[in-house]
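Before any comments, here is the structure.
Naming follows writing order (A, B, C and D), and every chain is counted from residue 1.
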Amino acid sequence: MKRIAVFTSGGDAPGMNACIRAVVRTAVYHKLEVFGIKRGYNGMIQGDIFPMTSFSVSNIVQRGGTVLKSARSMEFKTKEGRQKAYENLKRLEIDGLVAIGGDGTFTGASIFYDEYQLPTVGCPGTIDNDLYGTDYTIGFDTAVNTALDAIDKIRDTADSHDRIFFIEVMGRDSGYIAIESGIGGGAEMIMVPETLTTFNDVIETLRQGWDRSKTSSIIVVAEGDELGNATEIAEKVKKQLPHGDYRVSILGHTQRGGAPTAMDRILASRLGVGAVEGLLKGMSNVMAGVVNNQLVYTPFKETITKNKAIHPDLIRIVDILSV
Amino acid sequence: MKRIAVFTSGGDAPGMNACIRAVVRTAVYHKLEVFGIKRGYNGMIQGDIFPMTSFSVSNIVQRGGTVLKSARSMEFKTKEGRQKAYENLKRLEIDGLVAIGGDGTFTGASIFYDEYQLPTVGCPGTIDNDLYGTDYTIGFDTAVNTALDAIDKIRDTADSHDRIFFIEVMGRDSGYIAIESGIGGGAEMIMVPETLTTFNDVIETLRQGWDRSKTSSIIVVAEGDELGNATEIAEKVKKQLPHGDYRVSILGHTQRGGAPTAMDRILASRLGVGAVEGLLKGMSNVMAGVVNNQLVYTPFKETITKNKAIHPDLIRIVDILSV
Amino acid sequence: MKRIAVFTSGGDAPGMNACIRAVVRTAVYHKLEVFGIKRGYNGMIQGDIFPMTSFSVSNIVQRGGTVLKSARSMEFKTKEGRQKAYENLKRLEIDGLVAIGGDGTFTGASIFYDEYQLPTVGCPGTIDNDLYGTDYTIGFDTAVNTALDAIDKIRDTADSHDRIFFIEVMGRDSGYIAIESGIGGGAEMIMVPETLTTFNDVIETLRQGWDRSKTSSIIVVAEGDELGNATEIAEKVKKQLPHGDYRVSILGHTQRGGAPTAMDRILASRLGVGAVEGLLKGMSNVMAGVVNNQLVYTPFKETITKNKAIHPDLIRIVDILSV
Amino acid sequence: MKRIAVFTSGGDAPGMNACIRAVVRTAVYHKLEVFGIKRGYNGMIQGDIFPMTSFSVSNIVQRGGTVLKSARSMEFKTKEGRQKAYENLKRLEIDGLVAIGGDGTFTGASIFYDEYQLPTVGCPGTIDNDLYGTDYTIGFDTAVNTALDAIDKIRDTADSHDRIFFIEVMGRDSGYIAIESGIGGGAEMIMVPETLTTFNDVIETLRQGWDRSKTSSIIVVAEGDELGNATEIAEKVKKQLPHGDYRVSILGHTQRGGAPTAMDRILASRLGVGAVEGLLKGMSNVMAGVVNNQLVYTPFKETITKNKAIHPDLIRIVDILSV
């Protein structure tokens, strides 16, 4: 292997820059040439590919977003699109790829590998932490801390006004951000897609709180919860318990930005090193991950199809700590 | 004057605790007894009034929210409510009040003073900065910095994905938070109730940006803008320019919480000292404010009725800096 | 078991309050009575012990420091001191203890247990992360992020002025804070007690940087490094390479404070639950920890005497990423 | 005027980038060509001057440091150095300069103007806030908030351990950072060069605190205080009151970095616009400032020689609020 390329794809996540930096510098360290591809698969198709050096990635370890930009690509879902992408890479004699992204990215990478056998190793970059094969994904810890900071701020005003807040956090079909920011924020209740909360549970929790003279409450709702989004749930609750003072806050895209936390930068650095060294060891069609503090490689297909459950300890302590 | 009481009322604002602390300690410094009233006018009516000491306010200068809690009171709008409130204060021999809040608070205080002549000095505590008689209100600088931090985070992801974001900030009928967070955040456009932006201006700004290859944009929308809220504006824009990738983010109640900034703590401290010393000098029915770095007192009626315009320099530089 | 007590001892760490809250609420959940002891072993000796309820720990999950205060106790090192402490606990019929602290705390707890057999479970609370039996200690992640935030700020000015900064971080005999904040901060070199850096390595790293036109550098120094503290190292370097522009920054006690991160609050919550439920299961003289995401209990004696090495991957990637 | 250049000089300050951005975009807005000069007067002498566009300053409004880098120049103090600088500017047909910096910068600019009459307008960029002709300097508000955040963190641990902390903040001969961060942080005492604190005052404040059972204290010391630095003062205090538990923390260079606050970005933006428009109006040898919320221009000589006193209200409220 002499020449590799790196790109970011799908939803951006804080720490992607730290990962790009690690990929580039590890390549330089191992005497590989390294290229950057702009806007994920789109740039691959359009030939937006440029050489990178150690200096290209100076002073970016702390920045949110991705200097390579990201996008979701419709064209890469077509055979013609992938053909163009492959020709661009071939022309530049690129013989290895590092793909930083989530399940959509790895699905694409997996199909591409089946067709062209260009060695590819992935790094899990998504705030949702919904990938099997790694305990944490790049960006998750930052998103949780951003959500937590918002919950802390909202608790100030909830407490001052004796209000009940429904706070909606990101995570798509996964409740990880909700469960971690909710425990950290001392939420009275956390609604995640992984557990079946009934509407009566919500009513009961609020009633019990009032019985114990608890005047303000925080209920964290994962955007993918099966009972609906925060606005819908709040409206239903208001109908049944009309005397409460309810507010809804949707944390939104702030959860995607910001300087990454130490944990995300370190994880991103380890995985960037691991991806390049995996390529050098002949690995392909796998994602680098850290499980129980060890670097491991998991086939793309498993990362996408297998399920990563929330630790039952976490679900249990929500009940205990809201007494 | 021997015995005063302090309360917070209306929407809470970061720095209210720093102001309460200053009121209590200034009272102690001048050998006054000082009481706290819980939940604004509600606590006054219900007699939820308790003595405070220097220690009561230790270690609160940095906390968001208000340790005295806040509320909007319907009962105080009735003659009977105010009568009960007065009797509670009289029974405790309270001969001076410090009211921390916004225009609703001062409207109530003004009526109460007309009826019972209990000397009252106000401190402007609201994130909206919509009170005449002070350059800034307590909580405004913190709210602006919270909004700015969110805009910075959103710009990371807007830039990574070449998206246009409509970000809605608080401020009720005032555009202060929008204009300051928008300039600070480098927004391409800022929509405030104080200026008449037409819908065509929005379209034109986006078109011009695209012409100059500007791929991502931030448009800050004050919640009280005359063209509608951020969601409504985004939908209308999408109809006219359907190829853009738009997102809406409503910053919401995070803007009300959090540790106050230095500026808010200092302003709150000066105004708390000024309110108590104003009472001692025989002032009443006025709000303490800081104008051009000098402590001034303005009659409640003026603070409510007079308008405080946004400095034209600020409105002008938005246009210049978005070139 | 009917009545337990909790205390914090040794150096304080962010997240101790989240742990106290979890201990108290888990006790309430399991129908135990729970007491708080002030200032660690000192309060135990002086009888500064008071009942706690669910409400005692409301709204503290986000606060740095410890509401129970902490201290190092000389008197508890004497047989007489421990005797007094035991009598106070006995009089209150306390039949279980939760000790939150570090190796000094657990050494004391271990001796106390040998003498009086009062069941005690520990929670690892120290920013240093130097305890065997848990992957992370409560407070470590917050301290790392605080150090990282300072390094980010210093890099701004280092880069603007082409300067070399020696930044000293806490950790006593452990290099954990240095290694994690250094990797996260993109440091050119990290000096920790666990590895033998020679003085020539420092000179060589700086020379190589200059050869590659690297004009600013960050060198993170663990306070326990065998080559000396940051000031001493900087002075020696300046003698050998006098033309560089060097600055020293000692991050100091800011690393001990601040709102805990999500990771610290969650860890503290799990361990607080685990400590109380450990007592209920009959455990004693052990520390609750989380290893590979599982709750485990390790005898106090092992936690103090066994060594927890820094993962070799982390040490290795420093070299790779500074190319 | 057709072509201007901008540079940053002296100690860097957060917000300098926002100012550079405003200068560049205001120049573009008024159809001027604009150049950047690297490393202050050094780059002027070495001809390190390059054209800038609107895009050059995209996405820098939020960054600490200065993208133009800064330095103190020995060579510019010589007639030969200034001659070279002038020739470089003349060759590029630059007919106006914007200098962002502090008193050293403006002293140089003033001499340069006397010799070559090249129109120059300054923007006050220094964290020290020690320039006459503007209420605040760019970077001051950020430095104060950084110091305040550190004081908040230290108070957590001071309070947990009943300790007295001496915290040294920056500001050279000025006590502005100390007074504002000290009031904001609720310091028990603030030592600034502008007031003569005797050593007995320190002893007395600590004694009175103990008498009122105040167990922890924060004393903020300006680096330029006439009684010595924080370490020296702490040592003297320890000799006289040996039973106290003292710690010293020197906040150092973190105060120079970090994302600028809203206030600093807005001030920097106004002043950047004001500097360019001042040049266009024919002004020269003056500094743009904001006094009482109005843009004003003050001759360089006055900005350097005249004194800006700390508002007496601020000094007074320290005493009141520490009761």
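By our rule, a contact is a pair of C-beta atoms (placed from the backbone, for glycine too) under 8 Å apart; a residue touches a chain by one contact, two chains touch by 3 or more.
This structure is a prediction, so every number in the text was calculated from the model and none was measured.
Visitor: Going by average Cα coordinates, which chain is farthest removed from subunit C?
Guide: Between subunit C and the rest, the longest centre separation is with B.
Visitor: Compute the distance, rounded to whole Å, between the mean C-alpha positions of subunit B and subunit C.
Guide: It comes to 39 Å between the two C-alpha centres.
Visitor: Would you kindly tell me how far, in whole Å, the mean C-alpha position of subunit D lies from that of subunit B?
Guide: 28
Visitor: Let me have the rounded angstrom distance from the C-alpha centre of subunit A over to the C-alpha centre of subunit B, please.
Guide: Comparing mean C-alpha positions, subunit B is 35 Å from subunit A.
Visitor: Two-or-more-chain contact residues of subunit A, please, as numbers and ranges.
Guide: Correct list: 152, 155, 159.
Visitor: Please categorise the chain-chain contact pattern as a line, ring, star, complete graph or other.
Guide: ring
Visitor: Every pair of chains that touch: which are they?
Guide: Every pair of chains in contact is listed here: A-B, A-C, B-D, C-D.
Visitor: So in the complex, the part of subunit B that touches subunit A is made up of which residues?
Guide: Contacts found on subunit B: 8, 12, 14, 39, 63-66, 69-71, 146, 150, 152-162, 165, 247, 249-254, 256-258.
Visitor: What residues of subunit D sit close enough to touch subunit B in their complex?
Guide: 21-22, 25-26, 28-29, 54, 59, 61-62, 135, 141, 144-145, 148, 152, 155, 159, 180-181, 183-186, 212, 259, 261-263, 265-266, 269-270, 273, 292-293, 295, 311, 313-314, 317, 320-323
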